[in-house]
Amino acid sequence: MGEGPGHDALGAIFFLTDYGQEDELAGVVRAVLSRLAPGAPVVDLTHEIPAFDVRAGALALERAAPHLGPGVVLGVVDPGVGTTRRAVALELSDGPGPRALVGPDNGLLMRAADALSPVRGAVALAPVPGEGHVTFDGRDVFAPAAAALWRGEPIRSLGEPVSPEDLVRLPAPQLRHVAGGIEAEVLWIDRFGNVQLAAGAGAGRDAGFETGAALTVGAAGADHPARFVRAFGDLESDGQPADLGVLVDANGRLAVVCARRSAATVLGVRPGDLVRVERPAS
Amino acid sequence: MGEGPGHDALGAIFFLTDYGQEDELAGVVRAVLSRLAPGAPVVDLTHEIPAFDVRAGALALERAAPHLGPGVVLGVVDPGVGTTRRAVALELSDGPGPRALVGPDNGLLMRAADALSPVRGAVALAPVPGEGHVTFDGRDVFAPAAAALWRGEPIRSLGEPVSPEDLVRLPAPQLRHVAGGIEAEVLWIDRFGNVQLAAGAGAGRDAGFETGAALTVGAAGADHPARFVRAFGDLESDGQPADLGVLVDANGRLAVVCARRSAATVLGVRPGDLVRVERPAS
Amino acid sequence: MGEGPGHDALGAIFFLTDYGQEDELAGVVRAVLSRLAPGAPVVDLTHEIPAFDVRAGALALERAAPHLGPGVVLGVVDPGVGTTRRAVALELSDGPGPRALVGPDNGLLMRAADALSPVRGAVALAPVPGEGHVTFDGRDVFAPAAAALWRGEPIRSLGEPVSPEDLVRLPAPQLRHVAGGIEAEVLWIDRFGNVQLAAGAGAGRDAGFETGAALTVGAAGADHPARFVRAFGDLESDGQPADLGVLVDANGRLAVVCARRSAATVLGVRPGDLVRVERPAS
C-alpha cells in the first residue's frame, strides 16, 4: 500500500489509555495500528490516566477534543474488560475534528463526543472470535477497529448498530450556584497542582466575579482568601499566606491556582471534592 | 528523499530500551532515526525496562513480537556497553513480521527472534571508528544500523558475519510438571500486578486444569486457594479472602490474577520467583 | 494537503517540554502539530524536564542538538508563562540541523542554537488575540508557530523582529582551572547517576589527565580516589571503596562515573554543585 495523497486527509489516530508506560502495552497497540493502518500518524494523548479511572480519562479526552484535527480517537480505560460491557465505535456528524471514536461503552468517550459533534451512528464491536482465554481488547478489538475506521471502512462493517441514546454516560459533574458564588466539583488537578472546577467562565461571570476582586475559596472545611485574576503572572509568588488565585484556565474553566505552588495541596482537595468560590459578604 | 510508494512497504522501526523517559536519551535516538531514515515510522514499544534488566527486555520483546508488522526491531538494554560484548544485527527468514533486529548480543533479541522467524544471517556491527571516549551505542551504533536496514541496505554492509549459533541466549525460564500441576518461574508482573508464569496454555491443559475448578497456588512458602477461570470478569472482586484466579492471559500464558488487586502483592512474588499451581489433593 | 516529495525534506519537529506525561498536555500539543502541520514527524526529545527548570531544559536541548536533522525545534519550559516574557522564534543560518527554534525567550533555546548555527533572525511571536483568560502557550502560541515554520512559512510572518543580541541567555556554567586539574559545575546527572561536568575533553587534556592515571575527585567537602578511564568497562564493579572513574562522556564532556552505581550518590552532588578533579600532588 503506497502513501498517496489521501494520507494526510485521513488525519491521525489519537490514542489515550491508562496503560502507563512501564510495560509494552501501549507500544504493542501502536504496533498493531502501524500494521493495520500503515502510514497513520499515531498521536499519543496520554497513557497515564490513573488505572481504571474512567472519569479522569473522559475528562482528559474532553479537554483535548477541541484541539484534535481529522482522524479517529482510540480511548481505552476499561475496568470492565472481560465482562459484558460493550466495546463500541461511534461515528460523528461532520465537523473539523475526529470523525469516529473507539473504546469501551462506559462513558469514556461521550464527553469528548459531545464536545465535538453529534453522534450519528454507533456499533457494538464484534468480540474476538471463539477464544477460550483472556483478550487484550486494546490490541485485539479496539486497535483493529480504529485502524479500519482510519482507513475509511464503514462503521457498519465493524459490528451491530447500537442506538446512540443507549450509550453509557457518566453523571454530570456537580455545579450549583450559591449566594455570591458557586460550589463546584473538582474535575482535575494538573501536575502543577492547579485545581480545575466543573464551572465555566460563564458561571464566574454570572456570579459577579470581576478581575482583581477578592474571593473566598472554601474547601475541606476551611476558607481561604483569593483573588480573581486573569493570569498566573498576576499572583505574587511571595505572598503570605499562600497567594491563591481563581482564573479562567486554558480549557475555559474556573480554576484555583497558586503562584508556583500546588493549590491542591493548599486547599487539601482531590478530584471529585467540592470547592466553593464566593465573593466575601460585604 | 521523497516519500514514495515504498515507505509503507518498508514498515516501521520498533524501539525498546531501558533508557527511561526522564532524560533525552530515547529522544536523541529517535532524532537519529528521523535523520538517517527519513519517513520511517518509529513505534516506541517501551523505554521503561528496568535499567540493565536484559531478561525483562527480552521478555517484553517476545510478548510484542507476534503483533509487529514489517520493519526493524531496535532493542537496547545493554549493561555490557563499553565492554567487549558484541553489537549485532540479525536478519530473519521471510515472515509477516520484522525482517531484522538490532541490539547488543546479550540475549535481548533472541527470544523475539525465535518467536518470529529463523535467523538467516547475523553480523557484528562495526564499532564507531577511533574515538578515545565513551560512545552512546544506541545513538552511535545501533540507530544508524537500524536506519540502514530500514532503508533496505544489505545486512552484510554493516559488519562481519557471525554464526547465528554463536549468538548469546538467555537460559530458558524454569517450568516443571509436578503431581497435578506445574511449578514455573514468574516471567513478568504487569502494572496491575498480574503474575505471568513461564507456562503456556498447553501446560495447564496437560495438568488437567479445567474452567471453574479449584486450584492451589503456592508461592513464597504459603498456599492460596484459587480457581481456574477464563476471564477477569469471572472473579469476585469482593471475595474473602483475596479471590485469586489462574487464567490463560493475553499472551497465551498461565497467569495468577486477582480481581482489581495485585496478585503479585497477595502472593509476595517477583519476576524470577517460583510459583506452584496444582489441583488440590482429592 | 497531499504528502508530496517535500515532506521528508521539511524534516521533523523536535519537541521538548517540562509537561510530564501524566496529563494530556504534551499530547494536545502533538495533536495541534498534527492538525496544523499534517505529515510532520514529531520527535519527542523528552517531556520530563523538571518543572520550570529552564537550565535543565537548555542543557538537554544542547546535548541533543548535534544529533538533530532538518526541521524545527519546539521547546517549552516556561516558568514565566503569563508574564511579560517574550515568546520567540529563531531562524538559524544554513546548516545540517534544524532551521528554526520556537519557545520562550528565557534562555531555553540559546545553548542549542549556539551548538547548531548562528541565529540570523528572530521574532517575538504575536500573542493569542484578545483573550481574557489564561492561555496554554505551548498549544496556542508555540505549536502553531512551529507548525508554520515547518510548513515553510517565513519567520517574519509570525511576529515583530527582535535583535538576536537581545535574546535572553543563561549564565555560562562555572569552569576554572586549578593546580593540576579543574573545578567545574555539575551540568547533569543522568538516570544512571553519571555526573556530567561543565568541562570538555580539552579541559581534561589541558589539565594533564591521562588514561589510567590516578585522580582525586573533590565534592561536598570530601575527596575520593578515581582514575581517568576511556570507558565504563575499564572500571571494576567490585572495587573497594567505590571505584570512581572520570571519562570523556558521549557528549564529549568530562563525567564522574561509577561502575553500575550512582556516582552522584557516592559524591553527594546535584546539578549546579561544584566538583574538583585533579591529579594527586606528587
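To keep things simple, chains are lettered A, B and C as they appear, and every chain counts its residues starting from 1.
Here is the rule we use: contacts are C-beta pairs under 8 Å (C-beta built on N, C-alpha and C of every residue); 3 or more make two chains touch, one makes a residue touch a chain.
Because the structure is predicted, anything quoted here is derived from the model rather than measured.
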Tell me whether subunit A and subunit C, two copies of the same sequence, contact each other through the same residue numbers or different ones, using over half shared as the line for same.
different
Rotation angle for the CA superposition of subunit A on subunit B, to the nearest 5°?
120
Roughly how far is subunit A from subunit C, going centre to centre by Cα mean, in whole Å?
31
Which subunit C residues reach two or more other chains?
3, 21
Quick check on the complex: what are the subunit A residues that touch subunit B?
1-3, 19-28, 30-32, 34-36, 38-39, 51-52, 79-84, 132-136, 139-140
Report the residues of subunit A in contact with subunit C in the complex, numbered from low to high.
3-9, 11-12, 14, 16, 21, 41, 43-48, 60, 63-64, 67-71, 190-192, 201, 211, 230-234, 247-250, 252, 255, 260
